[in-house]
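Going by the order they are written in, the chains are A, B, C and D; count residues from 1 in each one.
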């Protein structure tokens, strides 16, 4: 089994290096095919590991080699394939294999084709390190590794200013969170003496509650960055500057869920500190609503999906925060499938529309892009949580969890958000695929994506439909390591009312979206309509002015302060005082050179004066020695030691 | 007062020394400056001899001998230099010697 | 008693002679006063029992050094008054007095005057000259010889400096001629 | 030969440098490469022969110089200095091998060989006077390199460099003399041997003063805020090779000396000054990172980033526990490799365009993809990406200091944010976007000569990031000895509690201890 573990882990790395060999040479399709194949190998190996776990095999735990060892610190490169990580591995390898194959088609005309695959495979490797590591340090390696790859992929089209800006923003914002993560690691190490999961978690119940609280908070700050929780969320929407497969893989299915994974992985810690868990859940609920509200009015297809991702991450955190770790993980998995599908579909649309992102400029694309239409609709239905698609099982479960745990505010927020989700998802679908064919004005002739691309997407389509049916198998598997709380509404009546009510609410929202946006004469927002002039619309459109505020109150002051530090403090104070001291000597020399008038008589006078000065020093010293006791007495009387 | 001790000699030596200092500082004529330095040396010699006497130690006298020897050499070389300077410039005034101006 | 009278007398004489030497504007007066002062100083040496030193003082200073000065002065115009620009005499006297007071204070301080020990004690039953000879030719032999060499060097230096080109007056020559001469002599010691 | 390998390591390059004067101009480069390659091979041999399980000094040599004052020529190497020595010989080799078109190449190479002598001398000297001599001598070749081959302000920069560091080390010298005097008072014999000094326990008040005296010498060399202003000038004006050696090795002298002198000699003072120094280090980290962000000149960005990283090293050193000190030593190596490589990379573009202004560039990734890749790797290493060499050091340093203060570590951790900001901003300005400047359209990519220098550095960066054990193990052993020594020597309660007691058998600490009062 260890062999399969290594194959699963390292074949993406090999693929990445293979593609990197061709990074500087012109496009060769082999640079895309080989990494995709290797990822498939990785997927197969992961499946074997999954089967092993499912069939009751032991958890595979290997220690490859020592990484850092000094003092009491011992950090190995250790990997563990248990029920949680194998779930993540499956998600990662499935989605990334699909995305790789898809990218061969999507990036077909890009001159940096080879480089793209190098980065993409490197990302998968980092992500696998993240989920498979058996200690916090290994997690951090993967954590930073995915950040790096995300930077490289968001800024993949580095000639675009907006892309590179977004890449840097994502990296730096993640770094802010990583600091929290790092501090969390330090706390774990100094309090438990180890960074291994099993040993650290075993030592935690004995620790003081404050320490555990801080630990939980700092680790969660790390999770907030990667999972783009408020207030570190702005990077995710901007990250849509990257190629669409990247958005599908990194910013929907895998990397952004790392935060959820961390909380799930650290469940023994968060079990001990339910108040932090409640905070996580509240923040999750807030972000769910907050992100969904921003998605309502956005005019950028990818950003809408990104906000929806953000919103779904909020759902996951609600589940994780309330202690329903397996639910969070389940939603993570289901979400990965349908959200990746949604993004890939969006990628097809973009290709067809020559990188147009504004859905108001599309419309009626269901004819030329039939398959894409089907896929995106299915994915949206799944996202909205309609029975029997994947979203229903996972999302409804979260609603139930919040209800059962008696957090009614969270419940109502989530319920309302579910309606919003349905609305904006189908607003998008309606705008793109239905109604008038507005794209014709721009002289575009959309065409469907390559066949193999569509075939590559089909596994995701399938999974988005059927993922819900794995629920019980999955539950039995992961509860081997996660708390096995079953969430059942006590009365059957209540359950049915709730479920049907939710479904109806969601369906209503969908209908409303279709009614508003699927007809031929929709109002294209041009700043004239009454709604657009409302304050709340403006706030939503400007993303609550948060990016603006960051720019205004963090970025600009930082830049200005840096300038002040350099030009005024460093140059005018620190350096100037050094030069000032040097100048004192210099000017003393300049002034006293008149003493050396060359006139011997004057010099002789100075000589005598010097002699007198030396003699007086001798006298003073002699007196001081002679009367040292008295002097000390006087000084001590004055309070000098 | 009547018993002459070491301090009397030292005070005398000091007085002579300060007279020499006055000469050194006041004189602008190099020859006169040389005279003043002779006074300085002699003042010190008195102190040496006196200390030697009152402590019963000959080291002071030895030093005085060497001081005299040095004074003699100094006069010889100094006068030679003085004469050359006088030949070249026609005076031996300190005020005119300022080539070492910094 | 006699010692005290002699001390004060010679002290007065010496101080006044030296004072004249540093204040007079006549070179000849200064020279004469200096020579007299030197002789009076030798009196102290005799009082202190350093007979040999006293004799040397008279021979070397009043004899050799003064004669040297006298010869040297022949080269200069000594008859006329020496015109000197008077500086600020307050500084001059003030500094000197200060120096004198400080030295006295230092020498009079108990920690200095109380800690002197005889390194080469006076040998009993020998005359001063004999004693000096004993120390000078044993402990101080090397410095003595070095001093002798130094005197020789000084003598040669004096002759070279003062005696060369006595027939030429560099003062009366124009700068060009001096330069020419210098070039001809080619790096000989001239100036 | 192994018995005298340290002396050979010191004096071989110097002798070879003297012979260099008679070498033909055409063959001087080959000669220089050969000499530094032999030196590097010797350094590797030293590593090979080094017994990493021993915590004390190895390959000791001792020759009496002035026995009356206990000044001896004592050399020795332990886990702390071993790798800096190897790094020094490695960088001299790389520096000479990658030397671009330089006027007066012969003198440059000879100067570099002399510089190598002084650098290695500093790191192997175990006698304070010998240490001081090499410490000061190292200024001279650097003064020449900046002053003779530098930019337009080279004279100002070199004089400032020289005088500033010289002033600091004079204060250090006074401290050393006092230290020897105290040793004399305590034992009745003079000694300048550091290992002898280790046995001396000084009262706390003495320690405080002596610590300050040593601190000035070391802090200016590091350079710590606010003594850092010579560095940007020196880097800004120095030729590429000068900046590389300066950043990679010379700055490490200061931090190395902290570990060699300040910590074991004055454990109580180290604890006493720990927080003030940590605050300075944090100012260094954040403030200089911000200043780096404001720079317009890419070389200055790297220069200020050096200062910022040195702050982390200082912080790790003053963690006073094994994790922190090991981390700071490892970070010295890491920062040496990374900043050296970054300066080499800046040199690459400077050779082509003769400007270092970032506004002149933009979109270089299009024209020089290999260059952009190498720069990117090194930038990420500088930012502290895990699995690169810098991360190990930074992680351990911060981890170590976390035990001493949580809040300060949190502040110091901002390093990873601000570091990313200035580096990414600089990278974006230089490499991203479209090529706007005509002069950049046809720049040639990195050539073979430059690759020879850069590829090994990249490999080391990643190798030691993934597998730091070969270095960490010997470092760890020697650091444990130092920490235990500090614990045993410390007098005050606070110091005893702050410096961990490892309770292991370590020989230097078991020798006699004397109280001095």
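Note that a residue touches a chain if its C-beta (ideal position, glycine included) is under 8 Å from a C-beta of that chain, and two chains touch if they have at least 3 such contacts.
Values in this document were obtained by computation on a predicted structure and should not be read as measured data.
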Subunit D and subunit C - chains in contact with each: A
Euclidean distance of C-alpha centroids - subunit B vs subunit C, Å: 5
Whole-Å separation of chain centres (CA-atom averages), subunit A against subunit B: 90
Separation of mean Cα positions, subunit D and subunit B [Å, integer]: 59
Cα-centroid distance, subunit A relative to subunit D, in whole angstrom: 36
Shared interface positions of subunit C, touching two or more other chains: 87, 91-92, 95-96, 99, 103
Two or more partner chains touched - positions in subunit A: 601, 605, 608
Residue list for subunit D, restricted to those that touch at least two other chains: none
Pairwise chain contacts, counting only pairs that touch as defined: A-B, A-C, A-D, B-C
Subunit B partner contacts - residues on subunit C that touch it in the complex: 1, 3-4, 7, 11, 14-15, 18-19, 21-22, 27, 30-31, 34, 37-38, 41, 44-45, 48-50, 52-53, 56-57, 60-61, 64-65, 68-69, 72-73, 75-76, 82, 84-87, 89, 91-93, 95-97, 99-100, 103-104, 107-108, 113, 116-122, 131-132, 135-136, 139-140, 143, 147, 150-151, 153-155, 157-162, 169-171, 191
Complex contacts: residues of subunit A adjacent to subunit B: 593, 595-601, 604-605, 608
Residues of subunit B touching subunit C in the complex: 1-4, 6-12, 14-23, 25-29, 31-32, 34-36, 38-39, 42, 45-46, 49-53, 55-59, 61-62, 64-66, 68-77, 79-84, 86-90, 92-93, 95
Subunit C partner contacts - residues on subunit A that touch it in the complex: 601, 605, 608-609, 611-612, 615-616, 618-619, 622, 625-626
Contacting residues of subunit A [partner subunit D, same complex]: 23-24, 65-73, 137, 140-141, 144-145, 148, 151, 155, 158-159, 161, 164-165, 167-168, 171-172, 175-176, 178-179, 182-183, 185-187, 189-190, 558-559, 561-563, 565-567, 569-570, 574-575, 577-578, 582
